[in-house]
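Chains here go by letter, A, B, C and D, matching the order in which they are written, and residues are numbered from 1 within each.
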């Protein structure tokens, strides 16, 4: 039995653009919200990286927003088979260090600077398919949630893709009742505010941008999982 | 009878900031949404400016988002007096030219560049108090809405405050049944995207930012208006 | 070439329930939002019914909320094939007559009374796949939107499923560039308010309920359509 | 020094109504969201009632939704005086017993049945003005939040108004730095679902309605409080 990376993609969501075409006195307005998703040979970015495991659960630089997530469940039934998909949505987490992003492909359109210390923040949206339709649902949910948080906290991250894979792998390694897991992680950008022009020394102040945000999606699965029936997954 | 500027203020709303205080391994996180409002001797910014009236109603560079506004009404009654306040909210409008912003006070914290041609966009939130409790409500509402749109469209603007005053003045000048009007106008910033680094010539592409936004609020009133009862206003 | 009913389902969405389990002094609270969807042999309910076509476009009892819909587009590209899916979301429409609902299966759990004159209201969410990747996108969108509105307005409805099918069929019959269309129609319930206990005669007042709402989903397709690539659909 | 009830009102918010006027073939549609607020001599309903204090903090039938509230602060400054108003919003709480509602005025329009055991649920929106501009803000906030929760949990309630007053009184009695407090409490109705028609015995299942909801607002103040400057309150 092995753990494999399934379908995955990444992109930038909700870029808000307005275009004005000026034809003399007459202007024409186009109001756009643009999202882009790319998929391809992305195994390396998910699987590589030096994952420095910090012992002892959530690290002192890892935060979970109070309010928790909303727990979800989808059950499919066709008179015979039952398919159970558990999930959570809106689990907002942030690492205030332990994240780098550099070495990416560059061309003449690249404006993003490289960084060796950035804030990594996301709102976890996860759905996992159960191997069968029995079990301790409450206990399983609590355990999966804990594993997701621990993996987010103690993965030293070179990309959000890598963190996504580490989260899914942790769940599959720790919970035999989970056959596969899908994660969608918005990359909630935090831009360091340069206070030097104002004569203020020190750093640690960030602008939390609403839109656009990166959006990383992927499935992590056992290679010997039972086929999905399509009822709920 | 004259038209006067009443209470007014302006500021910046919903600046999203995150502060990280790092004490070695232990980080402390503060997640802030900050709004600031200032009031003072602001008559000049509301009243001055060269308002080049463009004849012929909504100009070819003025836009109203389809979807219109939601109409509102508040009625106060204490057994005797009746006070009626009409209003609308969410009337999104944009001028793609005819707006400048320069000559503002500068200090070492100022980063905003001056501009002689910017996009002016807002979502009009307006409430107007009626002089008495009778009348053709539907007709009055339609007329006030039209006057607000016309004044927004044909005011050459040196500040959103000036536009706000022009909108209120237009309503009071045209509709004797309105005693005073309160306007709250978010300044929905549109930042020109510099396409030159990408080898693309031309302009007309803007990033529509969600937050923060400026917020301009003001009351325009007749100097001989009946006192508000406080029931609805 | 024929027009066929593809995948479809219906159900009730967002039933808000709270359950209190009382064990003496200790209570346990479960807060649930439950949605149910059923699929099966539902051709008849989509295809049957007397569709009395009212000539002359939108009828005098059919309403579209100003504010229009948001237009959407999804484009898939894998280096070779291009797949284009157009759509709209949030197109709120209401027929104030011309809708009946009766003759449905009943058992001891059925509480819904039959009706021969109800309000039919929905917010159309539609996505349609184009047969190829060229064409007049703006003109095609406007035409599809008009056909959806016309079919909603002039279909005498015995179920929202029937209306859904009529809307999809109208688009496919009128627009050769559309290969198939998916519709999701929430049944926005309007309950007649009985004013008799208050000594008020007459009717015409309805309570517009937020949740739960019915949710009808279905695909209408040409039987000789090109296969979807899966890039965008 | 005494504690007094200040401005207060109650009503029903966001009643969603649709009215259809039928003139033969031509129908006219009016879509309304109606809120009503009443004020008057309401001291008794806030002050009376048998408040059976349950010792020992939050009772086993009192619940706080995880997710907590958002903390708010408003500071006014005019060059001299500083006025500080603290607050919280969205603190969702529910008592699954210990709430009655009966003995209210009835007329021919009354349809509400009396009850001696109902669910009491609200989302606390509170703002409190500080007596001066110094102090331990974080400690004060935590203490006020705790007192609000305790008063909600251990007040045996004959009306939400009575609970509102008890919450404000508890804060003023326990925190000398608070001059007055304003509370707005939506009455989030939970309707018991009658399962008998379905042959199911037992109770404990409730329909949580979205709209309309009651809305109770009131101010509790010290009678010797410093006057508000109007800068922030």
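Basically, a contact is a pair of C-beta atoms (placed from the backbone, for glycine too) under 8 Å apart; a residue touches a chain by one contact, two chains touch by 3 or more.
Since the structure is predicted, the reported quantities are computational estimates derived from the model, not experimental observations.
Centroids built from CA atoms put chain B at 38 Å from chain A. Once the centre of each chain is set as its mean CA position, chain B and chain D turn out to be 32 Å apart. Taken as a graph of touching chains, this assembly is arranged as a ring, one closed cycle with exactly two partners per chain. Looking at which chains touch one another, you get A-B, A-D, B-C, C-D. Only residues 66-68 of chain B touch chain C when the two sit together in their complex.
Chain A contributes residues 16-22, 25-27, 29, 31, 59-61, 63, 65, 94, 96-97, 108-109, 111, 119, 190, 193, 197-199, 204-211 to its touches with chain B in the complex.
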